[in-house]
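One chain, subunit A, links the two complexes that follow: it is found with subunit B in the first and with subunit C in the second.
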Partner chain A sequence: MIGYILRRLVSVAVTFFIVSVLIFSMMHAIPGGPFDAGDMPVPEEVRQKLLAQYGLDEPLYVQYLKYMWGVLRLDFGVPFQSPGETVLELLGRAWVPSLVLGGLGVLIGAPLGMLLGMAAALKRNSWIDYLASAVATLGLTIPVFVTSMLLILTFSVWLGWLPSSGWGAPERWILPIVAYATIPMATYARYTRSAMLDTLNKPFVTVLRAKGLPERQIVFKHVLRNSAIPLVTVFLPMFIGTATGSIFVEAMFRVPGLGSFFVSSIRTRDYPLEMALMLMLTLMFCLAYLLSDILYAWLNPRIRHGGGRE
Partner chain B sequence: MTAPSAAEPLVEIRDLHVAFPQFEGTVHAVRGVSLHLAPGESLGIVGESGSGKSVSCMAVMRLLRSPPAQISADRLALEGIDVMAAGKDDLTRLRGRAAAMIFQDPMTAFDPVFTIGQQIAETLRLHREMGRRAARDEALNLLRRVEIRNPEAVLESYPHQLSGGMLQRAMIAMALSCHPRVLFADEPTTALDVTVQAQILQLIKDLQAELGMGLIMVTHDMGVVAETVDRVVVMYGGQVMEQAGVIDIFERPAHPYTRALLASIPGQEGGRRRLTEIPGGSPDPSDPPGGCPFHPRCPEADARCAAEAPPLLTGADGRQTACWRVTP
Partner chain C sequence: MTVRPLKTADPALAAPAPPVRRQRGPLWLGWRRFLANRAAVAGGAVLSVILAMAILAPLITPAGPNAQAFLADALAFPSAAHWFGVDDLGRDFFTRIVYGARVSLTIGFAAAAFSVLIGIPLGAAAGYFGGSIDWVIMRLIEIFSVIPPLLAAMLLGALVGGGFWMIVFIAALFGWVQVCLLVRAQIKAFKEKEFVRAAQALGAGPVYIIFRHLIPNSVSPIIVGFVLAIPLAMMLEASLSFLGVGVPPPTPSWGQMINTGMNFMYFYWHLAVFPTVALAVTVLATSLFGDGLRDALDPTMGGR
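Entry: the complex of A and B
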């Protein structure tokens, strides 16, 4: 197991390196640069001076090596669009709303989806099964900005119950959290339903019934545990994906989160921020998948206690 | 039929019908089966796959999901308790305690995420209200009783770590853990190696004699029947063809189907005989033939057999046969 984890960590490092090279070169391959004439025209000599100041006049591989040397010392540079702070400070500041809203969205949506999926599997072809299917299908097919718009229309415009946008007071959190929760809820409803149905048809469930175990105990102790193993592994990557903010949700509810920077850093050619965002995302997803795999092995005795039949 | 014993039968099935509606048409798995088991008695139910033998046992244990299964019977009882009328709690109490069941494939019969010990202890804690510690000790005793070598290790093992024979022994231990009065064994040796088969059958037979419990052995194998039971019910196409003591069945088979079944056992009488087979295939359960279900394959069938189903008649010696050609 230790050897396995070490091998996986090496592969994470390799992935991280490859992604850094790819992003760095693609970023620079896009025509133009941060100080091109456009929003703020500057004289050519000033532009050259600025490029030199940021080290952008050096050959690309030198820039890359210098950047990565910084990364190793956790120095991600200064964002061009907000020179008053470091990239890390900006990320730390902007991540809070995304983490709170997206994170709560997953933490609320996933368990609700699981409950719905369980109810659907246990009461097949009942109204709750159809409801679960409808939630799963709609949640996965309606784009999140449409969901957001419908939420704002219903609860802010027509009913006037909740503020439509902003950040700060907790009542402003509710609508974006609901918007974030739809996809985890839909995903979990679908996965849980099929995993439970799959387990309920296993022969060992008949054996449990034959030995007189009450249905409640069969479902909550045995079926749920067997079905949950694959579901656990979906959670971390989903959490990372949602808790790093969605540009659509943050734009619709005007949340000052991380989501908008993914786009604005590319548009404004903010090299340090763009690199930092992509590297952060890469590392977090790699680690999330690694942890999920370890968790899966740990929860599943067939892997944890390898061997096989004697 | 044998004279009704003073004690209530452990298992009583009267005119059981089980059907499964499907897209292509309804599958009639069991069509009017009646049988009973007295305390301490052992009964074999023999038949080809699809003859309704397993389904009958599953029905009396109420292990068939209904819907889709459509079950009807004049009487379906375990230990005198009508299982059709029994509530959930009554069924939970009957299963495992009054009647236990072991299944064909031990490899898939245990929950893969719990140890064998945990799964046996779970049954003990449920029915015998034992504490954690006592249940574990009793589980260990049970594993010893089914002659498992190094029971301590097996107790801590997960199902995937054990062989089929070991798992079948463990399943027997689990089934017997709460002293059931009747054990249903549904093809308990079919999935096992031949050498292991004999050991498991011997174990079941020994434990049955030792504990004085009733046994219903469901199998397609006449050899298994010969070794383990007192009385035999031969089923075909969801109906009972013949019912008699095990010696009568082997020495004086009356029904043409029983005779054909016996003739198809290889190597009987030690001679180098050609392997006889029954011509044709099992009847289609969604469209069973009219009349006697065996008539399309029966060498003795005539027009009456095709037109009218023979009733199951009981002779003076207790033997039952459903055949126009046989006078009981």
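Entry: the complex of A and C
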């Protein structure tokens, strides 16, 4: 098990390294730096001095090494768009709304999705099965900003029940949380349903029924446990989907979170902030990947003892 | 004891010759399964209507997509003359939506085509050769699964300034992974079969076997991969255009229109409602069609 974790750890580290190099070089290949003549009409010497001050005149690999050395000490530099603070401080501020809204969205959406999927699997072809399928399909196919738009149009514009944007008062949280919750809910509804159906069709369930075990005990004691593995593996795509969706949710509802800073950093070519956000997201995804692999191995003895992910 | 002959000698009692049973091919069976899936058929029907509208766009719309022909009626609400109203720049909104379908579908189909073109050779190589080639391609896929497509697409979009073909390129860059995995799985399953062994014994080279035998046997997963790549590309285009790094104006794009519509939604609801609904319906119809096709062509792949 420890060997397996170490192997996964190395693999994740290599992936992270490659992705960070890719992102770094891509970022610097973007035509037009922040101190281009068009954006900032200053004399050539001043421009050179500015470039030197931010270390933008050195070869790319030196810049990369210097940057990563800084990252190790949690120094992401100073965001161009708000030079009064460090990137870390800005991120520390932007984390809160994203974490609160996104976290509540996942905490509400995932269990609801699981309940829906379970009910659908136990009562096949009933109205709740169709409801689960509809929720799963709609949530997984329609982009988050379209869902958000439909929510705003219905509840703010048409019915006028809830405010459409902002951050602060709790009633402003409701719509973004619902928008955030769609992805986890849809993902878990679909995968819980198919995992439970898979297990319910296994011979051991028939044996348990033949033994005369009450249905409730079969479902809660045996079927649920044996359906847990796919739900762990699906955590990663769900997490990535939710994190990416946050950009659109925050743009639609004008929430001052990580997502909206990501958009503004791309628009203003704010390298330090953009780089920090991308690295942070990649690291988060890598860790989620690792975590789901380890949990998967822990739950599944066939992998725990030798062999890799199929 | 004598055994009675099984066939009676009396010709009158003999059963009539059984009707010649038509051999049903796998495609016919797949078609029957597809027709039994009501959601998929509905998705296909809606998708064909949207396709027809996109192709016939100049015939069913009153003005060009960028013609500011109705400036006097700018922001007019839906009416008999303008089914979806007029937008803020005096363009007939129904026209914009229909031409938006053109943009969305073209990008979807082109990106799916390129995904298939990249995914087939890589998937075939990984599945057939295995070993270190498979390892390299699988690590490549692992990297692509850790990079969130939308974020990378936003960076790339900023890198090259968006544009039609750029979006096709980005969507294909992330769309090939699924096709590659589907083709790889199929080829892995087929490469140990007798006919492949026989071809190898006869001295056929790997490239010949892959193109002559294995890829023709992978047509179903390729079709499925193609159709499922379409809605993903359409979603990517709409999302990028919504953020302003996609198809540049004045080319009509639904994502762009939703972004504009957001600013008008409290006063001119039609500018927000129609592009949102158009995008939702198109993506949903294409996905349902693709899911149905997958279940029909390969029931073992399951509905997940």
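What we mean here is this: the second predicted complex is superposed on the first by the 286 of 310 C-alpha atoms of A that agree within 3 Å, B and C clash if a C-alpha of one lies under 4 Å from a C-alpha of the other, contacts with A are read in each partner's own complex, and residues count from 1 in each chain.
In the analysis below, a contact is a pair of C-beta atoms (placed from the backbone, for glycine too) under 8 Å apart; a residue touches a chain by one contact, two chains touch by 3 or more.
All figures in this text were calculated on a predicted structure; none of them were measured in a lab.
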Subunit B versus subunit C as contact partner of A:202, first or second or both or neither: first
Which superposed partner A:170 touches (first subunit B, second subunit C, both, neither): neither
Most subunit A residues touched (candidates subunit B, subunit C): C
Touched partner set for A:59, first subunit B, second subunit C, both or neither: neither
Touched partner set for A:229, first subunit B, second subunit C, both or neither: first
Which superposed partner A:214 touches (first subunit B, second subunit C, both, neither): first
Parts of subunit A lying in touch with subunit B, wherever the complex brings them together: 202-204, 206-215, 217, 222, 225-226, 229, 299-302, 305, 307-310
Footprint of subunit C on subunit A - complex, ascending: 11, 15-16, 18-19, 22-23, 26-27, 29-31, 137-138, 140-143, 145-146, 149-150, 152-153, 157-158, 190-191, 194, 240, 243-244, 247-248, 251-252, 262-263, 266-267, 269, 274, 278, 281-282, 285-286, 289
Residue numbers on subunit B that touch subunit A, as the complex places them: 61, 63, 88, 91-97, 100-101, 103, 105, 108-114, 122-123, 126-127, 158, 160-164, 166, 171, 174-175, 178
Partner subunit A, residues of subunit C touching it in the complex: 39, 139, 142-143, 145-151, 154-156, 158-159, 231, 235, 238-239, 242-245, 258, 261-262, 265-266, 269, 272-273, 276, 279-280, 283-284, 287-288, 291, 302-304
